[in-house]
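First subunit A sits with subunit B, and in the next complex the same chain sits with subunit C.
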Partner chain A sequence: MSRGSFRRLIGLIRLYALLISAAVRAKMQYKFDFVTSTLLESLMGAYDYMVALAALWRFHTVAGWNIYEVGLLYSVSKIGWGLYRTFLEEVDRFEGYIVRGDYDSILVRPYPSLFVLASRNFALERLSFVIQGAAVMVISLKGLLASGVLSLASVFHLLLAIVWTTLLFSAVGIATSAAAFVIVRIEELQVFTQNATSTASLYPLEIYPAWLRNMLLYVIPLGVGNYIPVRYLLGKGGTWLNLAVPAVVALLSIMLAVWLWRLGETRYHSTGS
Partner chain B sequence: MSFIGHAASPDSLRKYRVLAFKGFIQNLQYTASHLVNSVASAIFGVLEVYFWLNVIPPQGFADYAPLTMVHYITINQAFVWFTQFGIRVRTRVRDAVRSGNVATELMRPIDFYAYHLATEYGSLLYGLLFRGVPVALMLSTLGFYIPKHPATWGWALFALLLGGYIAAANMYMVGLTAFWTTEIRTPYWVMSSLSLGFGGATFPLEVLPDRLYRLARWSPFACLNYNPARIYLELSGPELVLPGLVWAVIVTVIAQALTKIARRNLEVQGG
Partner chain C sequence: MTTGPKDLAVYARNLCKAYFVPVLKSGFLGGVRTLLSQEKRRVDAVNDVSFDIRPGEFVGYIGPNGAGKSTTVKMLTGILHPTSGEVLVDGLSPQRQRQDLARRIGVVFGQRTQLWWDLPTIDSFDILSAMYDVSASQYRSFLKKFDDLLGIGEFLDTPVRRLSLGQRMRAELAAALIHRPSILFLDEPTIGLDVVAKRRMREFLAAVNASREVTVLLTTHDLKDIEELCRRVMIVNHGSLIYDGTLESLRREVHLPTVLEVKYYGLPEGLGAGSFIGPGGEVSAAPPRDAWQIASVNADSRSVRVLFDRSQTPAPAVIAAMQALGEIRDVSLEEPAIDDIIRRILEAK
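This part shows the complex of A and B:
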């Protein structure tokens, strides 16, 4: 990296920190409302886990996975989703920019458009997903460490799995939002590419039919971030490659998503005459 | 005495019919978009079917053999569009309070509660026909139950209509909290979680631990999905309509009482 590029990168990081701290200060004007609603959402939003909890409390396992093991899958996926929404909330709400024609104001800034979008909002309230996931992870780890299924070294790999999952959610989110440059309305597409697939990734992929499993591994690879490494860490199959593949897929996916975003940008035309 | 103010006269009833019809047709312009959404909704149905097929024992549990479980999930994927999703009355009431338009709405010679419920009900009927039915058709490849007795259709529909009414009234009350707090996010999360969890939208209530099951079964939320689905699947008789009738009356009385209190509490900002 040349000295100029390095200086520019440092400048971007400083600017990002400044803009984000302003966004956080604005949200903290209503501290009580923020804290109570985030905590309550963390509790209430854990519906999927509550369903799994109720089901596994009564029937013990799903495809051989117990509640702690499913909890591990759930927590990695939820934390990844929460971090994606926290950092890239405006990318997720990108449809509005295109519909209202607000994207013009992003383009006139002297910074990459994805950077400008990311720095416009730091969605602290989305940390409710992270809190949910972290709580489930603590419970699951306690059970799995006590029974000797997991070792402390596995915790490090789980943290890495969260990073890869966050990148994968970001890649899917950016690629889906890039479609707005062409088709404008993407809300329904997001339900398909993000909501349905993220829900699917909460459970072991072997419960699904082959077409759905393949979609979650090769087309919208959200299952690669959590299922592949967690399966190996729990001794349910695979090799050390299960820990390496998610990193490769996540990085390639991000590169592909950014390429799609740039391609989409070339198709952008503003609203109005 | 009428629970819904002006609703007693035939002329008023005609007004509410018109409002419901408007609520229905204003959704028609989004039909194509909703059909696309139905594909994604069907995927959620597929996820649920495979999750439960892998969880329950091969011989089933309670009244639910594996195939009955599939039937329960697929029919509820249609019902949820009438009793759980797409209910917007809460935001309509909240936005009216925030913008101050609520003052005009309260002055109209029409019952505030019935006005909002009628509009919502029309919209929910649209949801059932144009969102629920397509999802059920798509999921029918996994298994779909057709009742053996013709009367079952009528009883199940009646139970479902009551369920939609109770769901809309619940969300209306969530919207009413805006008269005090402006922000309704927290009551909404509480109500929607209870509706989903205790409503039996994604699993039969028998899955819950016994005490919770007994509590959920007699709560108003069971009338949203669990009761209509059991009647439809002929697992229970028409007597399961009764809890819906009772709860419909109770939520109406509570919603009307809260509306009166909210009306007295109304404070419109501005000069």
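This part shows the complex of A and C:
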């Protein structure tokens, strides 16, 4: 990296910090709203996990995965989803920008539009997903490390898996929101590409019919982020490639998503004044 | 020295923007079905518009709602991509070099804030100064200068959402100029402002452009903005440019009559709306050559309004003719209103 581009990167990070601190300060003007939405988010997430737990206690294992192993899958996906929502909340809520025509003011800034968009919010309330996922991960790791199924080296790979999962959720989110440039309303599309798939990716893919499994691996590859590496780390098959493939797929997905975003941008309609 | 497209503030050739609006589907998975559907409707928002703007000009861009004003401005600022045509702003392509261009232009959308709504106004300036790499000393002199010119100092600590519209527009303008752009795009900056705030805004805009260092393109519905500020006006209707020139030549081209109102001590006999006055004061029903039509007669105020064309007849000649009819108490002249001129040209083309 040349000196110039390094300085540019540092400048960008400083600007990002400044922008999100402004966004958070603005949000704190409405503390009640913040507190209630965080609480509700956590409660709903906890409820989600309770349901899964109840099912597991009943059957002890799901498709050969015990409760700690499912917990590992669950937590990687949940943390990845939480980080995506925390950093890219405005991408997720992009429909509103198109409907109101607010994207105009993003485009007159001298920075990449996704950067400007993302820096308008740092969704602290979405960290509840991360906290919830982390709690499940700690419980699962305790169980698995004690039984010797996992080594400390695998913990490092799990952290990497979280990074790839976050990137994959981001790629799916960006690509879905890019559709709003053309079709404006994307809520239903998001249910299909994000909500349904992120829920599905919480559990071992073995429990799904082949078409859904294939979709989660090849079309909306959220399963590549957690299932592929976790499966190998737990000794359920696969090779070291299970650790490398997620990185490649995640980076390619992000590139494809950003390309789609740029393509969509050329079709941006704005709104009348 | 030859000037090419790159030396101009704005160079636009055959600019077109057509929207292909997908016919929205409703019902189950409507969004997905819309995405997959090929059914589209074509809307020509801007149609073959060409113009140049030289550095330092102050250009008014007017036209009825939906005429294509905002669409043009959005293509010049890199927000929208033209369907076809060429555009350069300050020598850069707004689409291919959007981020570079953003450092050289300032944009104010009257209807849409660019400030941080929930934070004190000063925070917006702080953030923008960082965003545009404004040095600390430049930033200090900006705050000082804009306090002098726009009085922004009085509300720096107030959250943007609590500013009056007049204050907010002043803040928006200051924010658009913080990085010293060479071109300023203003989309209806005076909309909704009261008379005093409008005047202040106009005085400020005139000052910004006074040294000719900042080129200004202003879209507005308030034609007083145009009259007071713009040496040049472009009129757009149904997506096409129908006039581009000075306000004076627009007045000449459109030929709307000037109104002379004459108040008498005693209203002369035999005058009625629609009759004509000749140069010697002779009244006739049919239009003879060199005669001016009476627009209205008001018996209560004993006044007569007569229409004449200033480019053909000097006002004193008309006054002399009216004087021949009776003793005049008072006269006043009304130039054709800019609104009427614009309405006329919009109707004609």
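A few remarks follow.
By our rule, the second predicted complex is superposed on the first by the 250 of 273 C-alpha atoms of A that agree within 3 Å, B and C clash if a C-alpha of one lies under 4 Å from a C-alpha of the other, contacts with A are read in each partner's own complex, and residues count from 1 in each chain.
Criterion: contacts are C-beta pairs under 8 Å (C-beta built on N, C-alpha and C of every residue); 3 or more make two chains touch, one makes a residue touch a chain.
Keep in mind that what you see is a predicted model, and the values were worked out from it rather than measured.
When the two complexes are overlaid on their common chain A, residue A:Asn214 makes contact with neither subunit B nor subunit C. By the document's definition of touching, of the two partners only subunit B reaches A:Thr199; subunit C does not. Contacts of A:Ser151 after superposition on the shared chain: neither subunit B nor subunit C is touched. In the superposition on chain A, A:Trp57 contacts subunit B only, with no contact to subunit C.
Of the two partner chains, subunit C is the only one touched by A:Ala26; subunit B is not.
Of the two partner chains placed around the shared chain by superposition, subunit B is the only one that A:Glu41 touches, whereas subunit C remains out of contact. In the superposition on chain A, A:Arg185 makes contact with both subunit B and subunit C. Taken together, the two structures place residues 185, 187-189, 192 of subunit A in contact with subunit B in one case and with subunit C in the other.
For subunit A in complex with subunit B, the touching residues are 33, 36-37, 40-41, 44-45, 47, 50-51, 54-59, 61-63, 185, 187-189, 191-192, 195-196, 199-200, 203, 207-209, 212.
Interface of subunit A with subunit C (complex): residues 11, 14-15, 18-19, 22, 25-27, 29-30, 101-105, 107-112, 179, 182-189, 192, 265-270, 272-273. Looking at the complex, you find that subunit C touches subunit A at residues 19, 22, 24, 29-32, 34-35, 65-66, 70-71, 74, 77-81, 95, 98-100, 102-103, 105, 107, 109-112, 114, 116-119, 123, 126-127, 130-133, 159, 187-188. Contacts from subunit B toward subunit A in the complex involve residues 33, 36-37, 39-41, 43-44, 46-47, 50-57, 61, 183, 185-186, 189-190, 192-193, 196-197, 202-203, 207-209.
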